[in-house]
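These are the structures in question, set out in turn.
What follows is chain A paired twice: with chain B in the first complex and chain C in the second.
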Partner chain A sequence: MDYYKIGKVEAIALILILMLNRLILTLPKNMYLLTGNSILINAVWVIFLMFLFVFLLIKISKKFVGQDLIDIAEFVGGKFLKVIISTAYIVFFVSISGIILRDFVEGIKILYYSQIPTWLLASLILVIPVVANLHGGNSVIKFNSIIVFITLISLLVILISSTTTYVPQKFFPILGNGINETFFEGATNIYAFSGFCFLFFVMPLLKSSKDFKKIGIISTIIGSIYLFFTLASLLFSFSSLVSVYEISPIYLIMRSTDFGIFFQRPDAIFVFTWILTLMSYLSVVIMFTSIIFKKITNIKTTKYLPYILVSLILIICLIPSNLAQIKTLEDTYYRYFNVVLVFIISPIILVIANFKKRKSMEGAKIEKNL
Partner chain B sequence: MKKIYKKYFILFIILTLICFNLSGCYNINNIDKLAYVIAIGLDVGESNILKLSFQISALGNSSGGDGPQSDNPIVNTVECSSIDSGISIINSYLSAEINLSHCKAIVISEEFASKPISKYIYTLLNNIQVRPDTNIIITKCDVATFFEHSKPELESMAAKYYETVPTSSDYTAYTQDIKLNDFFSALNSTYENPIAILGGVNNNASNSTNNSSDTPNFEKDNSSTSGNSNIDSSGHIETIGLAVFKEDVLVGELTALETLCHLITIGKIDRCNINIPSPFIEGETVTLSLKQKHSPKITAEFINDSPYIRVEPSFEARLLTVNENETELDAESLKQLEDYATSYLNSQISNYLYKTSRTFKSDIDGFGKYFLKNFVFWNDWISFDWNSNFENTFFKVDTNVNVISSLLLMQS
Partner chain C sequence: MNNNIKQFFKKLFEYKDSTPYNFTLPETQEEKSELNTFSNFPPEEANTPNNSEAKEVFPTLSVNMEIIKSRYNTLINSDIIIRSFSLTARDKEYSAFLLYIDGMIDATSVNHFVLDPLMLRNTANTYKDSNIVETRTAISNNIVLKKVKKFNLADYIYKHLVPQNSVKKLTEFDEIASSVNSGNCVLFVDTLNIVFDIDAKGFKQRSVDKPDNEIVIRGPHEAFVEAIRTNTSLLRRIVNNEKLIIENLEIGELSQTKCAVCYMENIANSDLVAEVKYRLNNINIDYLTSAGQLEQLIEDNGKVSLPQLIATERPDKASNYLLEGRVIILLNGSPYALIAPGTFLDFLSSPEDYNLKYKFSNFLKMLRILAVLITLLLPGLYVAITNFHQEFIPTELLFSIVASREAVPFPIFFELLIMEISFELIREAGLRVPSPIGPTIGIVGALVLGQAAVDASIVSPILIIIVAITAIASFAIPDFSLGFHCRIARFSYVILGYLFGFLGIAITFSIHAIILCSLKSFGVPYLQPFVPVTKNFKGILLSPPWKRENRADFLNVKRQKRQDNISMKWKT
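Right after this comes the complex of A and B.
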């Protein structure tokens, strides 16, 4: 697979794609169910933590220009750590994609395609990522940039139109389900930013490594704004119905929002854009997984990897036997695996790498002085 | 050579896809195989729990620009144990499959709504075909009679009629455009209770209970409700007033004036007319056109552990009733009119609020949300149990009416 060097916009789109997929699906609902009415305070807390994380990442990455997490892991712990981290990320990407795909397919099955079997719908969606990846990384990245832009616009339309139904008093009771749920356990809601794990891998693809700082900050700002306003819409408009509805809260907001007499049932347009978003996300995941796999195996070509990865995603997608299992997986496995891998283990590796680099630089300096 | 094969293969795929897309959808549902329901009716059954009625659009000639529908929709009724079993039974009877995606109204009889109806509301909203913007109507007569008389006078399509009738609230304020989603939200809410549109079949005005000689003339207009209005056009459905629920059980109804007070309280009055006793001539009535300046200011607090709510609505008004024999509209007479209107509205809104609180014990105005700020944790709020405490609430209404003038004429 060939990759060309990407600019700022393309990199930001790559980082935002997973988060947008999660916002469209059940992420806001899961966050709300944990914290209750204190969801906005929790969002501010989580955004604050996310900015700390991004600034730390930017600071550490300055010493590892042009290297991704896998290279840094190799620098810290040799081939062993490189393989461990790579495998963890491959498992993470493939399993999460399978769960997200199943969640989405079940949603559109309820809405439009109740007669079509799950495996067929999932397979049809997976065709596009395979084709996109066979055409190379360039097509994946360019397609993703367009789709992210469309999704951001569609979400913005929904969020703005829902403001007419806002009940601001729902901001109270201010601490919702409790202090622990808002701040301590609530900190695990940082998994909303799980898409930012692509920040670890985007550095070698950049045209200019100086852009990394801007990319990190801009994508965090955009992600934070969308997260905050999605949660605000959910809280102020439909919080009493969140636990009742099975379906995506954003779809619920859209279905209940009045777009005037001319646009009576615009949900199909939005669902169509969301299908494209999912396809784009799967394409990006397969692309990054192929890059990681290539690094640990040293294979000559990744041409046939998309077939294998897509098959794995399809198998994982079909494992849960009902929606309750998917929800449990999302709220336990996805939340904690994500937090541990992306927000704990990976930064620890970066910090250790930073110390090791500093030590080796100091050693080299001493040698030079001697 | 290989490239040519590849091109042929891609061409084959494209042609196959086009063939599948353009060929007749013989095994897919289409308009001929579907029976589009305009309204669903839920009533008390005689031999079973539920009497389910469907008002179905009769597909006919589409010429004339009114769409493929005749003036007389078909009504089918079935006695069943649940909505879904009723649909299955009707499907086996009809030559087409019931489709609810164009359903405009859910009509529930007063008798049926007097028992818990939440499971039916949940079932309807669980159905992907039922739109959340479907109106919910509680009828004072039985559903069969309601459907039988739902023949619009100005519309040729019953579906459009159901769609436009609740919008009269924009200029009359005698009803409210309540949708299934609003009802469901209130049903699941911890700080408000649901309401529905009150419907009924118009009895001849001469039979109206409002026509007692003791009742002042302006009160006769204000106390109208569906099925009990002063409209002299028997045999048609009307939607005046609101049906009040305590959780999922019907507990009462609001008259036209009380509905107006409700809309004032929640700040959803666009424009409306109100009749008040004339301050200038005893026994006469004056009509004011009201425009709510903004949503009323609502202050909620606890005084001696009892909820206390202060409602401060504010209006701009114009005088509609003019009389050649009366005084000029100078500053003094306008002030007098303002005082009368203020006093009248204060008294009516206060009566309405105490009726919902003391008689119905149902917070249909969502006052509970103003008390949320007094609680730190959600569990504290739930333990407080607003629905049980609402009946202890005290109200103070402080209306501000600013009469600007009449319309074109200066006299009143």
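Right after this comes the complex of A and C.
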């Protein structure tokens, strides 16, 4: 697969794609269920944590220009750690994609395609990642840039138009389910930014490594704005009873918003953009998984890898037998696997790598002085 | 009388050989050789004289004549003229002959400026002198030293006897054939192993006329013609700069079609120019007759129906692109110039854009983008909405659609397919019929068939509106090839829209977008400058003329700056 060097816009789009998918699906609802009415305070807290994380990441990545997490893991713990981390990320990407796909398919099945079997809908969506990856990494990245742009605009339209239904009194009680749920347990809501795991892999693709800082900060700002306003719409527009519906909260916001006489219910057009977003996300995931897979194996080409990965995603997608299982998987497996891998293990590896690098540099200095 | 009756009956009952006339072309070489063994004709190789293998011109005139005769098959070919005569040079007579193709040379020029000076006696050819010509004399120790030059007939003819502006000396028969085929006449002289290629072209050709397919209101009304030299002169006249390079190439083993690669030496990227020439030089085909054929031979991805090179019949449009750093390819015999590279936005631009105020141009550009979207998506969306997403449209409209379809027995998909295919048929028929009947076809097709189909309850009136809007939108796409692509691609949107609603549309749209993202035209990504975003990207709309400081950065041109930051100095 060929990769060209990407600019800031494409990199930001790569980082945002997973987050947008989660926002469209059940992420806001899961966050709400944990914190209750204090969701906005929790959102500010999570955003603050996220900024800390991104600044830390920028700082500790400075010494590893042009290297991704897999290279850094190899530097820290040799091939063993490299394989462990790579495998963890491959499992993470494939399993999360399967769950997200199933979640989405169940959603559109309820809305429009009750007659079409789940496996067929999932297979249809998975055609695009295969096609995109067969056309090369460049196509995936460019395609993703277009789709993220469209999705951001469509989400913005929904969020702006939903402001007419806001009831500010729903902000109370301020601390929602309690301080513990808002700040301590609520800190796990940082998994809303799980898409930022691509930050660990985007470095070698960048045209200029100096852009890494800007990319990290801009994508955090955009992501934070969208997260905050999505949660605000959910909080101010619905009562807590409605927000536990199984259908995507953003979809509910859209359904309850008046768009004028001609487009009475434009939800289908938004669902259309979300299908595109999911397809783009799956394409990106397969691209990164292929990159990681190539790094730990000696395969000459990743040309046929998309077929295998897509098959795995489809199998995982079809494993849960009902919606309840998917929700449980999302709320437990996805949340904790994500937090542990992306926000704990990966930064720890980077910190250790920094120490190791510093030591080796100091050692080299001493040798020079001697 | 009796005899006549006898003859009549004889003819009536006479045995006639009923073997039918049966001519079959052999398909394989084995079949051909089998046929040759039974045929009375000698095998093909036997007909080919060895003379045609000769490469260099011989000093003996008769040999050259034999070679030419066999090479051109003068016994069969009626328009190949070999005019034998004796030319006088320094009062000596030499046998010579002139070779040309009747109808391709200017007879007056040949008579007055080739045959007259060579055949008629005049001061130039009757001037008497010895064969020794002194060039320099020096005296050393009372000895006169003379540097002499032997009389050279070829030089003498070249310098004194052919008063033509374009005369070349050729030595190879391939060059001679190429020159004669292009309309020149060639002079063979006995004792000389070179020939004189005299430019005396005089064939009939179309004069520069108004463009037929790219009509503008405020722009120039000149179009390219079939003659390559006229086209290059049109470009030269507009560009008006000596840095315009026009390189000639020949494509086609047999046709040797002349092709010109034009670029601005101080602007165009050298790698781009080299790539264009590389592709053109590496086309191994027998013949090439049109720019459309050439386009397919040099484009990056032949499997995709999207246009990858801009084709234009307007010299002003070609010149604009030339000055932007692109490369123009002209082909002899084709009134279209090819411009490389071509990006998606270029196919949405019209030559009128630069002639109008930028606000008008941008409005038109937005309309064209809308036209592309309507052409691609509208029929598919109609099918998807009516089958899967009925809640999308107002209830009243939905009722009217349902009411209008009440008497129609077919599913919407089939109904739409009937109308779309009918429309394509009408369009194709309108192009093929003689021009006076063209409008009649339109009236018959659009009004009579449409109305009749609605009355007969084959299709619904709303569907007629959908198909009509799609058709009008497809005509608003400025590039013919892009319009064609959209027309074909919309069928896939219709099919998948019918099967899976918006999911199907999303799948088709994604595949379409992925193809667009993966395409490149001569090394330039097809969606430049917006995917990936380039440094000087100012949006897809045209900026005001005073803000067009830079050339497109994706072309990586030698001269990035197009104008000063403050171009309207009179205002400052």
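Heads up, the rule we're going with is that the second predicted complex is superposed on the first by the 365 of 370 C-alpha atoms of A that agree within 3 Å, B and C clash if a C-alpha of one lies under 4 Å from a C-alpha of the other, contacts with A are read in each partner's own complex, and residues count from 1 in each chain.
As a convention for this text, contacts are C-beta pairs under 8 Å (C-beta built on N, C-alpha and C of every residue); 3 or more make two chains touch, one makes a residue touch a chain.
Model, not experiment: these values are computed from the prediction.
Once the two complexes are overlaid on the shared chain, A:P173 sits against chain B while remaining clear of chain C. In the superposed pair of complexes, A:N37 makes contact with chain B only, with no contact to chain C. Of the two partner chains placed by the overlay, only chain C lies in contact with A:N138; chain B stays clear of it. Put simply, more of the residues of chain A are touched by C, taking chain B and chain C as the two choices.
Common to the chain B and chain C contact sets on chain A are residues 265.
Remark: chain A residues 36-37, 110-111, 167, 169-170, 172-178, 238, 240-241, 244, 255-256, 258, 265 touch chain B in the complex. By the touch rule above, chain A contacts chain C in their complex via residues 6-7, 9-10, 108, 112-113, 116, 121, 124-125, 127-128, 131-132, 135-136, 138-139, 141-143, 145-147, 261-269, 271-272, 275-276, 279-280.
Touching chain A in their complex are the following residues of chain B: 128, 131-133, 181, 184-185, 188-190, 366, 369-370, 372-373, 375-381.
Residues of chain C that touch chain A in their complex: 385, 388-389, 391-395, 500-507, 509-511, 513-515, 517-518, 525, 527, 531-533.
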